[in-house]
């Protein structure tokens, strides 16, 4: 367990530091696209992805950086994409909201809320048709469950018993809108899924170890029985909905709520625990962070020296 | 000479589907009722008997999601063919079609094509009413990344369907309900017609008639009437609306200098507007005469007493052409059909 | 109870005979529009509508005749509409699929599956905003529950606690498609609704008395507490999906299934029972049917002598 | 003379909403985030403080359903105003808009009007990318029964919004994100501008420039450049795309004989195609010169290095006009801005 815990911590740290670097560098106006940072929400990505193989696939939405990185998406291509360079993972055409890394199994990310849910189901349907032993993990937020296509997708995954894991990261907000503005207090998506014939479970969204362990079983189960499952993970985003800043001064989230969740940071929690248990030392962390820092520096440099796509690419790739 | 093989448009689609499914194991047919006794107006009839169950899928009424499913299949190696028994149902899936399917190849930097076909059936007649008889081709043709195909004959139906399935892009494949019943020559063997632009249906030097889908059939009749009147019409079938290839039409118009465009949908902001514009952009110096017709600018009412004025007819087209030629055109008796305007033929009695 | 039972029987009989008359006359090709007949499914309409006031409103879908008539929609205007006449309830512009009678509280019927569900919710929302003590009843089929907008509508009705009764008439088919092609066996829309915060109940869809009694309570409850409810009613359509004929020869519904349900006809059942109990006599029924027959004859005559709308109406009423 | 009151387009919308809500208790504002600190780019800011909670409704991300709710409200006596922060989100509700809202009055035989406004915000710049910067005006303009309104100035924004709310029909109200930041004269009092056709923005006899929405702003700059070159442009703002009133434009073109149409959306099957066509239909005898521009025919990429070629600019427009006049037009230094092409001004730094 020691090894895996350390790995989970380091993976989260890596994502956190990359995201922080994006936030820090945003002011230089070289990343000229909207960014929805994952800071605070690293645990679901890392905990679940640790249980996936390369040929398992994920789809995600606007807040996709953590998923992309945890699944093994190429860092350089991602940072270059944010810089609009032709070395970017979508050759600069997509930007932060369209990350993709086919080799790593990051099939899609798009900023229309809910839209990748059926697309992910389609990919998983194909896996079943091809009798592959892989699964698709579909990441989405609490807001996305309000789209009708969410129900339609659950229905079909249940009807055809597809190898898909639906993962709802509930950070209680859709932009500035609290759940109470959007969903009845009595609403329970696990029960909704159950009423459709899909099993579900709730795990604390900031407890990476528990996510790792429980999702391991769940994913094995999906693979063994080709049956969908839904995971609900309560978590918290540290920064504003879109952009590099903190927007706590706007008071759309109560001070208490923020404090409670900041005190429950997935990374701090695990770090403290591992230090306490001596599973890891300060020096090791420092060391690792230096490594990450170099990796990040390289990625930004790579992005900076990469070329912008030439004019002719505007009208390329419209048709295959 | 051997007798030519004559089958209906619906059978041509059916045969095309069967042949391409035989040939390419990745082709999947999905949509409401594709496996049922009706078989989408006969076009998917018996596929369920000829192919394993996991290639012919009935769908729940979840149009938005199953368009997404099809995209998921397409980007992971299958070639799905969706059908909607009325184009109106696809409006539930516009987000997936316009935001996702049309842009996926582009926004992945050319990495991920989306080879899928969306069959949209346009309704007409027998009191279908406002929500079951729209055409809406322009809504799709406006979008870069979508191909929009509108066969008008059984021959085209089969050949263009097969080509659409082979194509690596999302293809919107329009079928007019009234065309399903029409008959024509269709080779038995598998063949495909490239999606590269208008097809010359009839040669002639006096006027160019441009149309597509069911309206083309009306225009072919018009060309016969003109022929009786010693006017030789060249009839061009714009069977690919996007990407629009105007070259062949230019050649025709260069010759005739007179054009009439008969739209299958509403005239305003319609397909005809783009064609009209392209022609005038291309003929800046040579003067041309161009007229445009289309569905009257209202929802299409259910009652026959009004819907008969919604659509262009051979008579109203001839009238426009009389204005162009500034002469009276005589229409022989045989062209005055006794079939009510809400039926394409006697056998079409609805109910839908 | 005797009085009400008789009333329910007669109401169902009236609808049945009107629908039968449409079927019988369809071959004359004067009703030139698709018709989705309600024969076999009269009980939900009649049982529920008996508990509504004029100011309560209903919305429905393509199979709307029974609802329209049970709510008090004008028969002459309906038959004229099917004939495409300007005396029709939509002046001939709508046809069978767009019945409307504002005075009777028939707000809408449209043939796009699921589309009137949110519209009905909107009307009920307005009732709540205006603090009216009325409700909206939304009728739809089993197929319509597969549309995402169904979930979206339940969600909102629950969130804002709206005075709306959702009524699903489950005839087990969507055109020729059996439920098993479309929905997981484990799917349960009452449980789905409950998981969203909406109470629900299942009543036998051919038992008009039970529908009447139970929906009375439910409707009173909705009015008292301004809270949504969902009703699930299993039932059976006798004829083809669309059109005047029987299509049992197509074998998409098993002989057993058909027999079972024909033996359970809502009208025959109640008629037998009431005759047995002497709540009604053969003569009374005969008498009543004669009355209906005259009413129907008049309606068809009215439709026949009514004028078609003149050409100028094609371009009228596009904008208000 | 008194100083004129200058406010932003976003504030003009905000003020219009507030005033009409004060006046008409039936007006309801609904949409994602209408009550939040952002207030839909400031356009709904503080409404929640000024009106009871049951007039300003945040919505779940259920675009299809809440369009239906709004129709339900509208047909039962309310006047709902929906907003979508990107036009792309409304694609989820096309079924309700096209099949239902646009046809309700017609298909009820004129019994039930649907007085509602759907505010669609068009995105641009700062790497919005393929799914957050489409224009799509033509998708709505093609549909009879919908009114489509595109204000270009703060003055129009307020006046046309108020008129749209008063209107008994479903009005699609396009707002360009970059217009929100522009400033102009807006009277404090409540006023409305009829939805009856194009507005003359600048008089001139040499060429007619036709545009709408944000592109109109670019065209106004172009007219200044032309002015420096002694070319007097008449600038027409087509602020109502449907129903399209072409009369005033005809008058202008009769005078100038030269036209350039600058579309705010894709050129193909675009708004410009219809206007172009109408002009040539009206000027059969008098020869006119007409050019058309619009967004390049691809999804709009995120990277600035490509998106800068997507849109017409004052420079590319001037180039076209040079072709029309067959002479060189000199552009003064001050028109060469140092602001990157993905920002309308220095202060617009995204992130969205």
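The letters A, B, C and D name the chains in turn, as written, and every chain counts its residues from 1.
FYI, a contact is a pair of C-beta atoms (placed from the backbone, for glycine too) under 8 Å apart; a residue touches a chain by one contact, two chains touch by 3 or more.
These figures come from a predicted structure and were not determined experimentally.
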Enumerate, in label order, the chains that touch subunit A and subunit B alike. C, D
Whole-Å separation of chain centres (CA-atom averages), subunit A against subunit D: 36
Subunit A and subunit C, separation of their C-alpha mean positions in angstrom: 46
Rounded to the nearest Å, the gap between Cα centres of subunit C and subunit D is 42
How far is the middle of subunit B from the middle of subunit D, if each middle is the mean of its Cα atoms, in Å? 32
Note the residues in subunit C that touch 2 or more other chains, in rising order. 88, 90, 92-94, 98, 110, 112, 146-149, 152, 155, 159, 182-183, 318
Mind pulling the subunit D residues that touch 2 or more other chains? 60, 62, 64-65, 88, 92, 95, 99, 106-107, 129-131, 144-145, 297-299, 301
Based on which chains touch which, is the overall arrangement a line, ring, star, complete graph, or other? complete
Sites on subunit D touched by subunit A in the complex: 32-33, 35-38, 58-65, 88-89, 92, 126-132, 296-299, 301-306, 309-310, 340, 342, 349-352
Contact footprint of subunit C on subunit D as seen in their complex: 28, 54, 60, 62, 64-78, 95-96, 99-100, 105-115, 144-145, 147, 168-169, 243
Given the complex with subunit D, which residues does subunit B contribute to the contact? 64, 88, 91-92, 94-95, 98-99, 102-103, 106-107, 129-131, 134, 136, 138-139, 141-145, 242, 244, 265-266, 268-274, 276-277, 280-281, 284, 289-290, 292, 297-299, 301
In the complex, subunit A touches subunit D at residues 26, 29, 32-35, 84-85, 88, 90, 92-98, 110-114, 143-144, 146-148, 174-177, 181-183, 242-244, 250-252, 308-311, 313-315, 318
Residues of subunit A touching subunit B in their complex? 57, 88-94, 98, 100, 102, 107-108, 110, 112, 115-127, 129-130, 148-149, 152-153, 155-156, 159, 316-320
